[in-house]
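Common to both upcoming complexes is chain A, partnered first by chain B, then by chain C.
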Partner chain A sequence: MKDISKSVRKVDSLIKMSGEAKYVSDIKIDGMLYAKTVRSSKSKAIIKKITLPVIPEGYHIIDHTDIPGKNFVKIIFEDMPVFAEKTVSYYGEPIMLVIGEDKNIITDIISNIEIEYEEVTPLFENTNSAINYHFTKGDSNKAFKNAKKIIKDDYDTGYQEQLYIEPQGMIGYIEGEKVTLIGSIQCPYYVKNAVISILEAEEDQVRVKQAVVGGAFGGKEEFPSLMACQLAVALRKIKKPIKLIYEREEDMEVTTKRHPAWIHMEAAINDKNEIDGLTAKVAIDGGAYIGLSGVVLSRALIASTGAYTIDNIEVGGDVFLTNTVPNGAFRGFGAPQMLFAVEMFIQHIALELELDPLELRLKYLAKQGDATSTRGKFRDPIIMNDMINKGMEMSDYKNKVKKYTEQGIYKGIGMSWFLHGCGFTGSGEANHIKALVKLQKDIDDKVTILIAAVDMGQGVQTTMKKIVAQILDIPLDQVIYNKPDTDLVPDSGPTVASRTIMVVGGLVARATKQLKEKWVDGEAIIVSERYKQPEYIKWDEDNFIGDAYPAYSWGVNIVEVEVSPITYQVSLVGIWSVYDVGKAIDERIIMGQADGGILQGVGYGYLEVMKNVNGKIQHKNVTDYIIPTTGDTAPMETFLMDNPYPLGPYGAKGAGELTLVGGAPAVALAIENAINKKVKSIPVTPEYIMELMKNG
Partner chain B sequence: MAKIKFTLNNKVVEIEESPTARLLDILRDKYDFVGVKEGCGEGECGACAVLINDKIVNSCIVPLGTVEGKSIVTIEGFSKTKRHEVLRESFEEEGAVQCGFCTPGMLIASESLLNTNPHPTDEEIKIGLSGNLCRCTGYNMIIKAVKSASKKGDGLW
Partner chain C sequence: MKNLIPKTYAEALEMLNNDNLRILAGGTDLMIQNRSWSNMLPDFKTGTILIFNLEELKYMVQEEHFLHIGSGMTLEDIKDNELTPKLLVDALKIMASPAIRNMATIGGNIGNASPAGDSLPVLYVLNALVVLESVEAMRDVPIHDFIIGPGKKTIKQNEIIKEIKIPTNNLTIVKFDKIGGRKADAISKISFAGAAHVKNNIIQDFRVAFGAVGPTVVRKYDLESHLVGLTLDDVSLNIKEILSEYGKYIRPIDDQRSNKEYRKEVALNLLESFILSL
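Our next item is the complex of A and B:
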């Protein structure tokens, strides 16, 4: 049997290189109209009056009065309206669509719409808690009561913009009562369910199809549902095809971002200089509506001890609502914020106690059988010791960290250790998603994979086909996997949470084995598999007790930097990574995830600045929101461990998010090593370094 | 409105349009060359890159009137060349394509670079591609692909 990890050519590369791949903005439908959104110019206000100009023949205004169903975007809570009604809660909130044939006329109409507001004092402080979670493990009260010393620190992290190179977009058409939406989306069934709700439509009156997706990173998880609902309402009224494509500035100003976070950590140190207890208090800025923020918060809280085992902990946090753009899903989903705080804090504890940071960290490194932060169990082998040694050897970490600390030569090296829970948090997979996959073999013996998973560049079209082809021992081109269309594929769940290969791929592998048993040449056969939670996984959602995830992927990132002593500009010198993703379904694809993920994570740590001033996002294009370019990237070396997870296909676990979450602490620790000052905030900009050099 | 004549993917074309129209829109909407992508609209991300007289230019900041008499090659035209074939082999082998939205621009940038410097060093490749943003790959696989294409395609550029 050949090793599945051996790389093949990605099945969608050729059409992407010739320019033939059709992204949503490339799709044209005869008679198609264009839509543009009219948005709030206030952070918080009552809409007193809207005066429309004369609307020319063939042009349309669509607003909340056109909505057949209840005016909210169905995701978790009934909080975010599809179109604002009497009030607006953030700058840029959608109020109406202007639709017609000519984009210039649409722009003219929009500039002549007068909206009279009565302004209300907006809230930008973290005072309005919408969600509060709290949990404990062991007895942290006792640990703090008996502590010889208590160490406290505060950490904060900024916004991060996904900055997929393809902006958000959706196109729709209507046939009779049936609405079809084609979009740049991660989650066809999220979109479908939201549209069913807004139209009060029947299941078979809504169809959602994926266009080729030009990057997503979480940004196309829940946001596209809003656009789809708006378009669907318009389609029902106007009955012509409509296209809604955001320009970059609109995209950056009004779409979801990574939540800014403020994290207060305390450690109880006993008389043996041990960390006896730990508390974390987390605040994340949800923006104007809750959206997925509660789930982001819970992933952050569960990551509160990172890759370490601390026996006595108390963890709590809030999602605060502010009159700012709603924040949402972004690769890592709360973990990048928390892991930054944890990795910095343990380093700072070591410095405070005058202990060797590496020794202190190794002492608390999680082991197989340990209790997780939520009193679950790390059931599978943890091979972090080998991974750390490998990473240190690859990067010459030990020599460098010593040399750079002693010499103070503005060079630094930093190492982060981390884990990422694979799949939905808690009982999400079993209770909410209940993924269903199907395989269909035709009489010509071609096998079609019927799942809702979206290839957004991460290579899932290739890897899923590999799984099926390898199990059936047939050529890759005998397996068909088209972009999902909800009329054809069952709901295998959203393409999120590092679940696609482990959970959906696991089901696909099981279905394939079933098909193999039933296989008869020349006969049509359909098989299906539905997700079943392993019996031993128990989760108490209300109290955060039990196994928050069925499995964990692990990683070590090492980043080396140089800091200019004159400008405090940071340059990346080298990046080394070691990952345990169980088993790579395609080594080159995982290496691509590794390279791209860490640069996005490192960028978050030192480069990418986004701020709002009085609720307005200040960084609205790639000219002022700086992401790494070829000039910023560094040589990367990645090593993959083999540590197969019994329930994953060929042993595979999640990989997509893991490669991002350790980047920020690694680069922040490297900068700390270079400047010998404690870093407590990301991104670590030259301005922040200057402040630290002066006052830190 | 003005009549503007230029060569587009080796064919002479003439169009009556506003000379201030964005070349990007003309290529996508009038000629259906939708492989030319809009990523930022400000000339920063390189997704809309085309070759004008063999040099890379971001078509989103080019007014149509300025291309009078010039030769434009989009990814659709370039993809029919031997050089594209060599580049595409290398991009595939190195895993340089993920979501693909930046890829046409990256290939145009690679062509433009290799045109002026057939054997670039890593540093020269980085500079050559620095006007093209990619959010998926971390760039290294793209840099390696250009390096490998310059070796494999020795004599082509």
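Our next item is the complex of A and C:
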């Protein structure tokens, strides 16, 4: 049998290259109306009065008074309203939709709406904690009490914008009482459940379909639920098809981003110059509403020792609410912030103790059988030693780091080690998601995969089909995988958290084996599989004790840079990566993830600046928000290890996020090596480098 | 509101004489500045006249004293033309992206009068003249008199930028630096154009201009004249003083792209590096 990793042509590449693919914006329905959002122009205020102009016939205002259910977007907490009522909590918060046929008239209506506010002093500091988590492992108090030396450092990270090519968008129509929404989304069932809640509808009165998705990166995890709720409310009232597409600037100003974070680290060093204890205190800016911030914080905290094993730790952190745009899911989900801090800190500890950083890091590198940061266990083989050696060999790391350190020639090389927990944090899969997948074989022996996983460019349409075709030993085109439609597919969970191949793909593989056993030519057969957590996985959600993840993917990134002493600009010279994703279901698809992921991670580390000033995002278009172009990219070399995970399909583990999370520390360490100054903040901009070189 | 497309240059001059029209060439600035909701027409406040297709404005000719560049020449075509001075080629090569360079015109880059327009420091250093024409007359205006502030220029309502005239020169050393947020497709945080002629170790001609560090491009003729006649050794010895003199006129601002400390420091670093490379 052929190796499943052997690449095939991505099943959606032709329709995307030819322009045939239909994105939400391409969908037109007869009699369709357009919607535009009226937003708060204040960061915090009481709405005193809204004066509407005369609304022409056929035009509509939809606001909180039209909501049949309770006014909140169902995510985790009942905190974020679908439409603001008496108060607004961030600049850009939605207040109402103006809907009608002619965009000119809608624009005209909006420009004549007067909203009187009574401004309240907005909060932009980290003082209002909405969530606080705390956990320990071992006895860090003792370690710090007995310490010969305590090393402390503070790190901070900025916003990051997903910058999917296709902005947020959704279109909806209504048939009788049934509302259908077609969207650029990652999680059809999140959308469905939020809409059921806002409409107080029955299960069968809401249908959610995925359009072709032009990139998401987490940005289309929870945010689309807000748009869907607004549209659903409008559909119920107006009863005509309505389209709501964000403009690029609107999207960048008001949709969720990666949380800015502030991380305080302390290490207790004993008299043998060992790291005896470690503490991390994390603050993330949740923005105006909690959304998924608590879950993001959990992943950050759990990553507090990175790829290392430290026996005594104490970790805590807060989600702070501020009067700024709510932050949310983004590839990596809290880990990129923490891994930056950890990787810099261990380097800084080595410098402080005058130890060889590589030796110090190797000493604490996690091994199979070690306890995780939450007192779980690394059960599966960890092959990081081989990976590190491979990476150092590919990049000539040892020679270069020595040469650059000694010579001070504004060249630098940095290496990050990291892991990424695959799937939902903690008991999410078992308690909340309970994924269900189905396969349906028709009398013509074609097999349809019925799952809610969305192909947003990451190739899941191709890889899922490969899994089924390979197990059944049938041609790829005998397997059908249409875009999810909640009327047709069961809830296999959201397309997030690097869970799709490992968890959903694992279930699909099991279902396929079931189908293979039951297979009778020419007969219709349906099989299904539901997620069962392995017995040995135990998780105490309240105390952060146990196995936070069923499996971990591992990685090594090495980045080489040059820094100009005249302009302080950074040029990427080379990028090398080694990954353990268990087993690649399609090598080229993983390589695509690898190239895109590292560039997004490196961009986060040195290029991508986004700030808010008094609650307003300053970098709200693609001119001002700088992501790397091909001109900024360096040659990349990626090596994939085989280290099959027993419960993943063909041994596959998570891959999508892993390729991003190590980019920032690798480039930051490279810059640090080039300028011989401690880097403590990302992005490492030329402005920051200048400051470090002059004062730092 | 009139939106006109003339068939000939003469017709364009007539139209401009009759109505208050915004001149639109490649549209790479104006279409963005006047954008509106997707699938709607751009939101121009006045009528427009589209001159992008006027072949009569697409030419480059070298005459005895001047290189003439028609205002309708795209940046890409100028970049690839063998008559184009190296300094201008160096600037055009790293401007924007290929898609934009194929639409954007030199007349438009001047007319937009952005403090960060990348062709501008080069045109300042080359002593470029902007040739303005109306139905009534034609006149030459030095580029530093043409641009008087961000987006502001001394052009009359019925005038059009016909061409740019670059005087012949014997500049032997040229340098262009663009400091953007990334290596391509970026708006400058700082740009620098330097040109000089050195003979027998003595500076014969020295010109430098800075973009994006003030409301208009900064070029100081008096400071330049102080350096002419000095030996390279004199200049190297006095580099601190020269930088400090220039520092008085480099007064950048903070914005979303960078901050004033960085802009000033790097502008002077670029100047220093240029002088020391002579």
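Note that the second predicted complex is superposed on the first by the 696 of 696 C-alpha atoms of A that agree within 3 Å, B and C clash if a C-alpha of one lies under 4 Å from a C-alpha of the other, contacts with A are read in each partner's own complex, and residues count from 1 in each chain.
Keep this in mind: a contact is a pair of C-beta atoms (placed from the backbone, for glycine too) under 8 Å apart; a residue touches a chain by one contact, two chains touch by 3 or more.
Quantities reported herein were computed from a predicted structural model and do not represent experimental measurements.
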| item | value |
| --- | --- |
| Which superposed partner A:214 touches (first chain B, second chain C, both, neither) | first |
| Partner chain(s) touched by A:36 [first = chain B, second = chain C, both, neither] | second |
| Chain B versus chain C as contact partner of A:596, first or second or both or neither | first |
| Partner chain in contact with A:457 - chain B first, chain C second, else both or neither | first |
| First (chain B), second (chain C), both or neither touched by A:690 | second |
| Partner chain in contact with A:619 - chain B first, chain C second, else both or neither | second |
| Chain touching more of chain A, residue-wise (chain B, chain C) | B |
| First (chain B), second (chain C), both or neither touched by A:629 | both |
| Partner chain in contact with A:247 - chain B first, chain C second, else both or neither | both |
| Common interface positions of chain A, toward chain B and toward chain C | 25, 247, 623, 627-631 |
| Residues of chain A touching chain B in the complex | 7, 9-10, 12-14, 16-23, 25-26, 28, 162-167, 212-217, 247-249, 456-459, 588-589, 591-592, 594-600, 621-623, 627-631, 633, 635-636 |
| Chain A contact footprint on chain C (complex, rising order) | 36-40, 97, 177, 179, 181-187, 256-259, 261-262, 265-266, 269-270, 273 |
| Touching residues (chain side chain B, partner chain A) in the complex | 28, 32-42, 44-45, 47, 74-76, 79, 84, 87-88, 91-93, 95, 97-104, 107, 125-127, 129-143 |
| Interfacial residue positions of chain A with respect to chain C in the complex | 25, 36, 103-104, 107, 245, 247, 566-569, 571, 607, 609, 611, 618-619, 623-624, 626-632, 686-687, 690 |
